[in-house]
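Below, chain A partners chain B and then partners chain C, in two separate complexes.
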Partner chain A sequence: MTVVTKNGVSNGVSNGVSNGVSNGVSNGVSNGKHSPHVRPVRAFQETFEPMPLSASIFASVNYMFLGLFGVIRDFLRTNKIEKVFTASEDPEMKGFAPLYDDFLSFYHRNAFMRIIECLTRPLARAPGAVLHIVEREFSNAGWVCKYTGKILKNVVNLGSYNYLGISENKGKSTKVVIEAAKKYGVGICSPRREVGNLDIHSELEQVVAEYLDVEASISFGMGFATNVMTIPSLVDKDCLVLGDEHNHASIATGCKLSNATIRRFKHNNMEDLEKKLCDGIAYGQPRTHRPWKKILIVVEGVYSMEGSITNLAGIVALKKKYKAYLYIDEAHSMGALGKRARGVTDYFGIDAKEVDVIMGTFSKFFPGQGGFIAGSRAIIEHLRADSAIASYATSMSAPVCQQAISVFNMLSSTEEGKKKTKQLAKNCRMFRQGLKKAGFIVYGNDDSPIVPVMIFYPSKMLGFSREMLERGFAVVVAGYPATPVLGSRVRFCLSATLTDKQIQDALSAIIDVGDLVQMTYLKGK
Partner chain B sequence: MDQPHKWVLAEAIHSMYQAPLYHLILEVLLVIWILRLLFSKSYRIQDRVPLTKSEKEALVLDWTPEPLVPPLDKTLSEAVPYRAVNGQPGKNVEVDGRLCLNMASLNFLGLLGNLRIEKQATQSIKKYGVGSCGPRAFYGTVDVHVELEEKLAKFIKSERAIIYSYGFASIASAIPAYAKRGDIIFADEGVCFAIQKGLQASRSKIVYFKHNDMRDLEEKLKHQEQLDKKDSKKASVTRKFMVVEGLYMNSGQICDLPKLVELKYKYKVRLFVEESLSFGVLGEHGRGITEHFNIPIGKVDMISGSLEYALASSGGFCCGRAYVIDHQRLSGQGYVFSASLPPFLATAAMEALDIMHENADMLKELKYKGRKMQQLLNGIPGIELVGYPDSPAFHLRRKDPVSFKEDLQFLQDIVNKCSKNDLCLTIAGRLKDEELNSNWPPSIRVAVTVKISDEELERAANIIRDATV
Partner chain C sequence: MHTGTTNQVANPNTVVWNSPGIWITYLLTTGFMHLILLSMPWFTTSVSWTLTNVLHGVCMYFFLHTIKGTPFETSDQGKYRYSTHWEQIDSGTQFTAARKFFMTTPIVLYILASFYSMYDFTHFVVNTLVLLLSLLPKLPQLHGVRIFGINKY
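Let's turn to the complex of A and B:
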């Protein structure tokens, strides 16, 4: 009897459901895409050229040599043959378990210190279209650092997150910020929930909500902490989080602290995401197979090391189909993408209300400090009551709030904002085309303001950065642990303030140095 | 070049003839086994039976998720609305439309609204703008950051200091930079939320000891020592840490640092002290709990502090020996992956540090006022005062607790009555369900600032006394 019922039910259900679901959903989704409020999705063009075989072999050899010399150097250092510049453990600490024993500290001593001169370059003035870098001299493979007393002036800035070029410290906006400092003071000394809730915080939140066309928003004092403490307020141990494999460290930490089950899907790969969504719901929680309470998809608008833009249209379609929630970290896309600089929703022409939680920071293009969450009123009020940052951490400093408010107002109401976003888009395309023509391996989306160019070899990072600085350009090179071990790259961050001439000069300098360092892997192909 | 090649091959074949038979058989068997392993299908134990596509689709259709957050009206009905602060908080603060004496902000040295700091911050904004546009490694380092780190290290008399852009992130990033899965951390059960998150992120084994109870801590250390004897090889690579606070945010007590240092060397456990509240408060010059107990700072492995309370700016720092602190430049998540502290806030912190350095009397006065306020509030019927006698931050709890909710309401009523009399107090904000110790009693955290006069202290004490009736 059971067999009959089972067969009958399962046949009926599977036939009816599969026909209904596949027809209904596909029709619904495809119809939805072309409904009046959504513009047609633009062609999604992203490039991730695979690593040339020669580069992978020789970069590995490069690391092997580094490792070999590292072992030799460590040996010389422990036996006091070579002068030790590394700080050493206090002799009183004999008998304690060693503090460091992992690969990262070996890498730090023997590889990272060699390229330290490319990183942590101190600035003498506000970062803007050009930088004034305090010159340093390094010796002993990066261990000894001396300030020469000189300042390298007017170095073209290709490294800061200054997409719309608002960081300049001149003009009306500085005056308004200084007035805020006089009115509210610089510090707060209290969390938002106690006596740290200034009226300027509420004003900022209103401005953000209006700008993004969502119901409400809430601001926090640090962008990193926003991700880390918001995700645990939304999901718990009975929830599933599907995150892109290249998500930022703050998202990874937030998911870890929430105790939710985390599964990563291949970067921007909608098939893999769909498979994981489907399997996630179908199989339920591991071992118990109980259904998940919620499924949260977490992605970034623009990925800071890949230069790619998330396939928002695809993700929104999947989220609707599988009843999941969507959290987007728009740290790098807010102010850089979209005709109205509203971020990735603006870029795709998707209503911001389709995304459940939009997260952004005030530290990138504003620039300042802090982060925000925007979404429905229910979510925001829940975070107001439940957020750890509002309860335990001090609220945002008032001048920083004022800076953000001024920038939002400038972008929404004046022509200046529109001009800047247009210029930024133009600069991105020109720059990328120039690099691709020259034969560099450029990752990411043509429209993204972040342009990673692959180097692969750890040693070439130093050469490239140094040569570019000598030619008057400040670039950012990134290697392990920010990127995969063989994925060292130079990451250009474009700005709307770069003139055509500056871009042309930059391109010729990059091509020069690229040839010198032999980075043009696709030349002649 | 062909000659050596042939020679090697000939020798190999020759040696094969010479080898004993069992040797050859063994090697052949080995080669067959390797080939078998290479070409056999991999066998995985399935912990689930694969479902068909239609079954999956049916389950997807059936599944109904919970709402992402509770419904709006439920949230609003349970939430306590934020108090609206108007203008600049300082010694006095305008809260919800009333100008009150401020004993809620942790403005110990009264530097909120200090004109000297404001002037320096303003000049800094003109020179550096508001933000730094990037993390420390990628052109986010401004010369004032380096200057502040050097200044802090020099002031505290430690070898190195590292700055974070947010106080909450300092200790929460520092702990997981050193402690990993498999390590052991002995933490006080009264540690603040930021430390709890750091402990959680580290994935280490956490052993909590009773709040400020050195005997309980020593017992637990002894117990661990006995466990270590059973597997001494593992124990020799397992890192052990103790995490305490100089001045506890949750109770106003100070830790017994001399005893902790003794335990550190006896049981070989590294010591981390969180000094957000005690920096700028304890010690003759405000250097913190090490100065208070006259212990050389090198005895503590790492001190984590905040620029947000006594120094009235924003951000946090860690200091200690270079061997320990330099590691955070690559491993401290809040340092590596976050934009750096806005330069004007670093300048403000430096100016505040200078002011503190120049006016060491302030520290004495602060302790005097803290002690006086505690004496004035001692002995109120129904109220228990918790805190180190000289501490300017202490807690008022209900003497005979009933239930969390009722006690909280009782204390909230006191706060409300005080507000009506122009005294601003605050309940120590806690997310009861998120804290590790959800049994921690609710309390009012009173914060004394050095700017309050003796008369104002007495007036405040009377208002509180009247409010408890």
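Let's turn to the complex of A and C:
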């Protein structure tokens, strides 16, 4: 249901306008009245089509066959008919407690290794708009690998997180980065609080804070570790963390490390979040019913496996109503969403100061390494003193800092940044519409640059990836354990460097392979 | 090692019997096995029905009550390493839909096998023993119980 105001702009009242299983998404305020602060720029919609029944039956049968052949191969391996390539116990240590459990590695040995040829491809060039892939030949159900000596050149890259297409090693910023490497060296070899604090770090933090329109920011050397080490500095055992069910492993690890009580709400479901907030505040802590010290809502900007965008308008409304804090992990949305490429706050038109803690990484769309936290000066100064990374982990390398600074400057001041953002948004819509018309099941939000297309069958993943490589496109397939067991998918990451012709070629190749592998579940509906 | 990846549940074995379409898959597989047995010319109808019941019961006992742990690594620090699959279903909650389904299928098969074997005495003994083998380990009182230490580690 979309409420249209006088000048035709729909505001944050839309519920899931989707043709499958819609995920709630009222903006959390009852009766559909919207809070005056939040006025997102477009109607919020996302789709998660349910699995067709035939796919679930035959995908389970697929797993049964994988299991059956796994048992046969294990039998051959124990009776020395087939060669064993995994690590195994030293026969001299026979009486000792076993180091390895045969059953625990069953899936890895018999199912995962069969797909390994499409999951670990070596590259002969920096992964930019195109790739040079080193060709390999596999045998023994994925355990024996041989290089054929050939390199597949100019494979179109549909898998790297290269949203604005800056991921090259020749470009405008290369010269400045080399100068920085000559001036500061490559490694820092010390944490920020010892002798690892350079002026370039402060400059980077200043640039990030200005870019995001917040008070201050702090940078760290590793993106995964940013989440893991920051959340324990913000919450402790008397706090409640409400995380989306599809949050990344780094957030889950950070929450576990902090000893806070973790409750997960259904993906992007504002009713569920509101219920958990109400229950949390009303019942207090589990046994003693004392009030929580603070409630922290943790979501991601763009979810990398679902291709969906968080319902920020709804969450900010709820956060204000129940006085909770909000932590957004903008690893995939920074630089990819929003007219000015500021991330999910820009996409929704919400002031970045409404979000208490914004986390981002420098490894996704600027090619680089590291992460940052942006927020109010109080929080950042607290993290400078309290966070374990600032005290014990080495700080960001100087050339990487310089690269990030150059990219931020390019985005905020030049026309090039605006052009790339527009091209990326156009590519997203064109690509998704093409796939949906062909009958693929595409998850997520129409504006997200990540496009997951469902395969469901574990064995079809390999077929799809191989066939796409033969047609000159490199894609990333994801199966268990990154996705649910019957939820194997191929995940396309769009880039601003893809020209219209490349997208049309990609679409025709995908439709070709999709027909071959029979992935077009919605064809004819 | 699958670090950096995550699932909604630490151990997918706990929720696999709630995924869409899995009950139908199970019934179709049992039906398919029954059809194969029925099509063997040297089995009479009674024998093939009883054999279906026996095979179903033995396989169920093996997969649900003998095998312990998971065939993949889980992120719950080995909580279910010594639990059979039956004990892992729904993380040990009793009387859920999946558990009721698994209690019902041996009973339905038993009734069908008794009917098609014309209530013959030998078939009755075999079918009843298999029914007991299928039902007794599923009782909530026997959750986590290892009689005489069999199958403990």
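As a working rule, the second predicted complex is superposed on the first by the 471 of 525 C-alpha atoms of A that agree within 3 Å, B and C clash if a C-alpha of one lies under 4 Å from a C-alpha of the other, contacts with A are read in each partner's own complex, and residues count from 1 in each chain.
The rule is simple: a residue touches a chain if its C-beta (ideal position, glycine included) is under 8 Å from a C-beta of that chain, and two chains touch if they have at least 3 such contacts.
As the structure is a prediction and not an experimental result, all values here were calculated from the model.
In the model built by aligning both structures on chain A, chain B clashes with chain C. In the superposition on chain A, no contact is made by A:S448 with either chain B or chain C. Shared-chain residue A:P481: touches chain B and chain C both. By the touch criterion stated above, A:N427 is placed in contact with neither chain B nor chain C. Within the superposed three-chain model, A:S333 lies out of touch with both chain B and chain C [touch as defined at top]. Looking at the superposed arrangement, the partner reaching more residues of chain A, out of chain B and chain C, is B.
In the superposition on chain A, A:L119 makes contact with chain B only, not with chain C.
Once the two complexes are laid over each other on the shared chain, residue contacts for A:A393 go to chain B alone; chain C is not touched.
Of the two partner chains placed by superposition, chain B and chain C are both touched by A:D101. Shared-chain residue A:S217: touches no atom of chain B or chain C.
In the superposed model, A:I188 makes contact with chain B only, not with chain C.
Chain A uses residues 101, 104-105, 108, 224, 248-250, 481-482 to touch chain B in one structure and chain C in the other. The residues of chain A lying in touch with chain C in their complex are 50-51, 53, 55-57, 60-61, 64, 67, 101, 103-108, 224, 245-250, 252, 264, 480-486. Contacts from chain C toward chain A in the complex involve residues 2-8, 12, 16, 19-22, 24-25, 28-29, 67, 69-73.
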